[in-house]
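Everything below concerns the one structure shown next.
The letters A, B, C and D name the chains in turn, as written, and every chain counts its residues from 1.
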Amino acid sequence: MTFQFPIRVYWEDTDAGGIVFYANYLKFFERARTEWLRSKGLEQRMLKETTGGMFVVSETRVKYHRPARLDDALLVSVNFAQSGRSSLWVEQQALAMSEKNTQLVLCEGSIRIGWVDATLMKPARIPEIILKALK
Amino acid sequence: MTFQFPIRVYWEDTDAGGIVFYANYLKFFERARTEWLRSKGLEQRMLKETTGGMFVVSETRVKYHRPARLDDALLVSVNFAQSGRSSLWVEQQALAMSEKNTQLVLCEGSIRIGWVDATLMKPARIPEIILKALK
Amino acid sequence: MTFQFPIRVYWEDTDAGGIVFYANYLKFFERARTEWLRSKGLEQRMLKETTGGMFVVSETRVKYHRPARLDDALLVSVNFAQSGRSSLWVEQQALAMSEKNTQLVLCEGSIRIGWVDATLMKPARIPEIILKALK
Amino acid sequence: MTFQFPIRVYWEDTDAGGIVFYANYLKFFERARTEWLRSKGLEQRMLKETTGGMFVVSETRVKYHRPARLDDALLVSVNFAQSGRSSLWVEQQALAMSEKNTQLVLCEGSIRIGWVDATLMKPARIPEIILKALK
């Protein structure tokens, strides 16, 4: 039940080391999570307007194994791991094809996402419609 | 003969004004130019390795007409405008669909791209294979 | 009456060409404009809260002359050029020291900034207190 | 023996939630680490040229406690934690002043930095001059 989203590496993503700047994998992971939510009918701007709440990232743990380079075509995965009252964890990977056509893990991370009241920016209970859609 | 490339707006693209941060349209334009080049068989990392040269942006003129927001689905266009010995101009637009299903221009720009020797970072004559592919 | 602000080049600013990614000069220009406004007593978050308006960039024209690299120490200048009812132009440069200790222009631009109602995102008359502070 | 570096929040750092985009704390941490290295006589471009090696981030663990906003003046700290043959850990915090003039931790992280051969991008032994300078 892994969701995968394709991401291409552009100049904007690289640094003077010739590789993708490590902070940008958090952007890649977020794009994939956004599309994963959208694939379940959850669009974030609409969620904010209808529930008054929003997801915010509260913790990230990322390991960088191999570099990606300009023009590389990556796949970024999303796996729902577990959820509590007001936050959930997802596991993510950025994958590339090797020359032997097997998938190589470039980078992997665990991301904790909290649900907050968008006005107060305080933790709030994740709405049932969201939890149902994710499970 | 307009090339168009779809771009989705994510959190990373927005700022505290609630809209896409204006500098990021240069990233959107670049992604579209890269895919336009790729559609013509020109991949930039390979160009650098085979010719020793690379494109660098030498001038940008951009007008911002209407804001884009989180989750918006944009189309970014590329039109080849003219070329000289060592540089070329492209015209680009970021477009959104209006509620009446007509395309709205959010942002438009003229981008001048120079060809340089990648080691010396000095202007060089654009290789014939590139000019042929673009015309 | 040129305002100057120092900016250091970090990994985040560079790309795989080994130089500062061109779109990032717009960020450098904006940091310098923000500090120029602050030096005149104009803090943008406070302006928004007290006047209900905000500055938005409506046009940029930038020429890139020479590349900056990792660890370079730049000076970014701001010159007020002219103002109308609801927008103003500033001229900006990113400068580096040459080996002979003269200033080299790496990049220069004209930036048009419009004043908008922050809720409607529509052009509005620039408040007098701002025009007075800038002149 | 904590090193601290001041960082101001600009538009480029924020997102449509009105706060600093979480991935950007990795940039803030990196700026502070770069200045910490520089304060010890270690400039990264020069290190690459003289040793053929470079630091790359191999793991990040970051917790986000409170949001920062436009115009906020932060302090970012760096503490050397421990080092092995080819990598080291640093502990970092992004701090803001509270209304009562005490420091609030907005975000904290542990960053693992590996030393690699810049050509092969393979782990290599951290040069003695670096370890001596850091301890």
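The working rule: contacts are C-beta pairs under 8 Å (C-beta built on N, C-alpha and C of every residue); 3 or more make two chains touch, one makes a residue touch a chain.
Here the structure is a predicted model, which means the values were calculated and not measured.
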Between A-C and A-D, more contacting C-beta pairs sit at A-D
Taking the mean of the C-alpha atoms as each chain's centre, how many Å separate chain A from chain D? 23
CA centroids of chain A and chain C: separation to the nearest Å works out as 32
Going through chain D residue by residue, note those that touch at least 2 other chains and give them in order. 11-12, 17, 19, 23, 27, 30, 69-70
If every chain is a node and each touching pair gets an edge, what shape is that graph: line, ring, star, complete or other? complete
Give every residue of chain D touching chain B within the complex, in rising order. 11-12, 14-19, 21, 23, 69-70
Given the complex with chain C, which residues does chain D contribute to the contact? 8, 10-12, 27, 30-31, 34-35, 43-46, 69-71
Within their complex, chain D touches chain A through residues 17, 19, 22-24, 26-27, 30, 54, 56-64, 67, 118, 121
